[in-house]
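The structures come next, written out as structure tokens.
The same chain A turns up in both complexes below, where it pairs with chain B and then with chain C.
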Partner chain A sequence: MKIILNNREEVFESDALTVDEIMKIKRFTFSKIIVKLNNTFIEKEDYDKTSVKEGDNLVVLHLLAGG
Partner chain B sequence: MQDYAFLTETNRKQYIMGHNLSELKTKQKTLKSWSYVWHPIERGYNNRTLYINVGTCEIKEKPVSQQMKDKFVGGKGFGLRLLWDATTPTTKWNDPENEIIISPGPIGGITQYSGAGKSLVVTLSPQTDSVMDSNVGGFFGPFLKFSGFDAIELQGKSEKELIIFIDGVNHKIEIFEDPGFAVDSHIMGEELTEYFAEDEKDAKNIGIVSSGAAAEHSLIGMLNFTFWDNKRKMVRLKQAGRGGTGTVFRNKKIKAIVAKIPGVQGNLNNVVDLEKIMTVGRDYAGEMRDLDDKQNQMKKKGTANIVNVMSDYDLLPTHNFKYGTHKDAIKIHSDLLRDKWFTLGINDGCWIGCAMQCAKGADEFELKTGPYKGTKVIVDGPEYESAAGLGSNCGIFDYEPILETNFYCDTYGICTITWGTIVAFIMECYENGIINKEITGGLELNFGNSDASLELIHQLARGEGFGVIAGLGVRKMKQLFAEKYGADPKFLQDIGMENKGLEYSQYVSKESLAQQGGYAMTNKGPQHDEAWLIFMDMVNNQIPTFDYKANALHWFPMFRTWFGLQGLCKIVWNDVTPADNKLEKEPHKIPKHVRNYLAVYEGVTGIKLDEEGLIRQSERVYNFQRIFNIRRGYGLRQHDAQPYRAAGPVTVEEYLSREERYDKQLKEILNIDPQGKSVEEKMAILRKHREDQYEKLLDAVYERRGWTKNGVPKIEHLKNIGMDLPELIEVIKPLQ
Partner chain C sequence: MKYEDIKKSLKNKTVGIAGCGGLGSNCAVALARTGIGKLIIADFDIIEESNLNRQYYFYDQIGQPKATALKTNIERINPETIVESHLIMLDANNIPSVFKDCDVIVEAFDKTETKEMIMKVVSHKMPEKYLIMGIGMAGWGANNLFTDKHFDKLIICGDGVNEIRDDNPPLAPRVGIVANMQANVVLEILLGKNNNQIS
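Entry: the complex of A and B
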């Protein structure tokens, strides 16, 4: 499936993935993350229950701005 | 009192072999004693600074004018102003005119909001030949302020080793000859604390600045600032690491500066509205209590919590910044620090009242090498930069040697960030045959050889062998290796991770154009304290255009400069985020914490400030520093150039390691089919593109900052920000 991930086109082999699965594929392991699917906030406890489908717009905002 | 009476048993055994403090007291020879009239701080300011010439023993106080506060605020701003006035464009780092200035800033020293114990060290750097600033925690900065001074200015050069004592109890300054204290900071800190404290309870009232043996033989020496750890009954060390501040200190033959105060009480800054500060301070402490464990675990892992995160995102420097991850990176996962090395459940704040508690320590660490072999010590850290620099960047994936090197860097007075990048560069040169065993005196400096890496730093502390060459830093080694050993200067330029003469700190910036600017466009050299934009740029794709990147490279460096004007720690700003942060319009700026800072500033000074005003304060000082660099013959576009490894793959193996990524970029960004092209051809195309992009970034950022295409602040811009001082206009007028 093809989705928009952080304002870029991204293609995944599967037709449907959960937010949690996408985070694992992308190795988004950082703890301070804001997730929005089609402009709706997704809480961490819902990552594995929320499906992402073809054409969806997923924003995974990493908050570290320090170092 | 018995020597070392209030140290823990372990430490007493360790240090008792050192010096007899009673004997040292009998040898103390005072060169100058100067009394002053103490008065309470007013709204965060003492309104005077302390000047000491260590060559002539002149001591005096200088008034702080309203203009100085308005234009320079404090901290780094005061340091820059004083250094500008004290030096000429041709003053060198080791001239007597050069100064070391330490200043905390108006907020510095409050205990009601976290991270308010920082001070800034400013000097002319032996590495960059220009202005250096380095921020540091520990007790000295606040204690200097509580003793009655907004800054200390050290000028001149002594012939004899000196101790400077700021006696904030009896209100006098003393300079005396060093009666024979140890050189290395972990011992000297204990000795001087014991020497000046009345008893164990008084130890918390002593703050010390010192360096170490390696600073005397190198250009990369740093300064240690102590803080008393009441639970452990020992001094801990925080570092003003970057740019050779410790080298200047030892070149002036200053062994240590000690500040002693009667004690820390609730409102020594005499702030205008303590309740206002306490309200946001309590709220912040609540966030740390409730959220830290789910977020970064700063209280358990310190800043090193991101070692594995950086590896996951291909940002952990490995093998001299060639790669961003490694199969063995799991061996330095931050969980290991939490579970095996760090002591947990203990107060680890480097200043009083800080809820962040990130100054982690590894207790009872038994040293395996060097002059203190066999003794058990506390290792302050490793922080992220030390773990990455001394570890992965040198191909070392084992915390035991990383901790040992961290300890020796600290006590010898060497910056861990600088040392990590230096050793990584040497290792790559060694593996490329640019240098060999004959040149290194038998040290096999391959990536991963921790024994050789440790021996190198011991050599530096002894002033011997190839260690002394390493202590020159990457820029001077590049020159030396080309001139003496026939190395290709272009290759060395590409792989030597320095800009302006300062070594890079420990993040891979290849895939973030904004961070390339965040590093190489800095005023002092590539330290991430001006901007860390990699996630915003590379991962979040929040700043895709040059305009966005330029705005980020304006706002973040200016915002972060402000911490250094005030005496604040930047970690507290963004290493825990409020639960409702996601609802903010610009969540990446952690807006609630920005509002907290505005409240704290108003609470301390009584001056109402908005975000624009905050940025303006920084902008004035930032532009002053840029023009200070220009005054010294630097600070132009050419000086913002970066080594190519910061932007892309230098070697075939680097390209091949990320071939899919780079080929995809050729296709999708440049519309070039990589098929049928050699790796070298593809590398050349990619390089030209990335170098062009960086030049465009410079254009965009300079314009946003109000600078010419050559990176010179425009006179009009200085007028707009209220910084059109005649001495600045004089420098930049011919360059408009």
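Entry: the complex of A and C
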């Protein structure tokens, strides 16, 4: 499937993956992560229950202290 | 666009500054110098000597509330910019009312928890507003790492990697760069893309 991940086209072999699986494939292991799927925030406890499909827009941000 | 026209279009614009530390104080000053009509600034904190390595305050202002001192400093720079100052701790309940009249909101918090909070509040309760965040500014050097990333109305400025730690502290140059990048994005939103510039 083809999705938009952080504004870039990204192709995965599987047709459906959970947010959790994508994070593992992409090695997103930062301490403070924010996930938005099609403009909706996904909470950490829902990463493994939320599936990402063809054409979805996924944003994975990591927040850092400082300002 | 001539500077007179720029000032004219910024005159009736309002920008919210959430936090008056390194990012907030420097971003607010850049916007006031450019001629923004009104700034709504908010912070609960007091100026400490350790803040002066990067925040837009003076030695004789140590002990003053940041939101009060920043209003004073902006009025000394450009008295035509109206500053509405709130000495409060911003939270999910007060952010929508404090910043309701803003065209754009600048996130200038230090903790990741409050950064996450404002991101969600703006997205859920004021989805029509732009939010400009600063993420990744600790240390020195590495100018090439700075970018802005646009996710619809959420825009993130910074290097995206350098977190503030005891052994990687925030210093004036990189904090100032990110604060000014945020101000620069605000201008791009309020004035539109600059067609006369090579980019």
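One rule holds for everything that comes next: the second predicted complex is superposed on the first by the 64 of 67 C-alpha atoms of A that agree within 3 Å, B and C clash if a C-alpha of one lies under 4 Å from a C-alpha of the other, contacts with A are read in each partner's own complex, and residues count from 1 in each chain.
Operating definition for what follows: a residue touches a chain if its C-beta (ideal position, glycine included) is under 8 Å from a C-beta of that chain, and two chains touch if they have at least 3 such contacts.
In this text, all values refer to a predicted model and were calculated from it rather than measured experimentally.
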item	value
First (chain B), second (chain C), both or neither touched by A:64	both
Which superposed partner A:8 touches (first chain B, second chain C, both, neither)	first
First (chain B), second (chain C), both or neither touched by A:39	second
Of chain C and chain B, partner touching more chain A residues	B
First (chain B), second (chain C), both or neither touched by A:29	first
Interface residues of chain A shared between complexes with chain B and chain C	6-7, 32, 34, 41, 59, 61-67
Chain B - residues contacting chain A, complex	294-296, 306, 308-309, 312-313, 384, 505, 507, 528, 532-533, 535-536, 539-542, 544, 556, 570-571, 573-575, 577, 581-582, 587-590
Footprint of chain A on chain C - complex, ascending	19, 21-24, 107-112, 115-116, 119-120, 123, 134-138, 149-152, 156, 158, 160-164, 170, 175
Residues of chain A touching chain B in the complex	6-8, 27-32, 34, 41, 59-67
Contact set on chain A toward chain C in their complex	6-7, 32, 34, 36, 39, 41, 59, 61-67
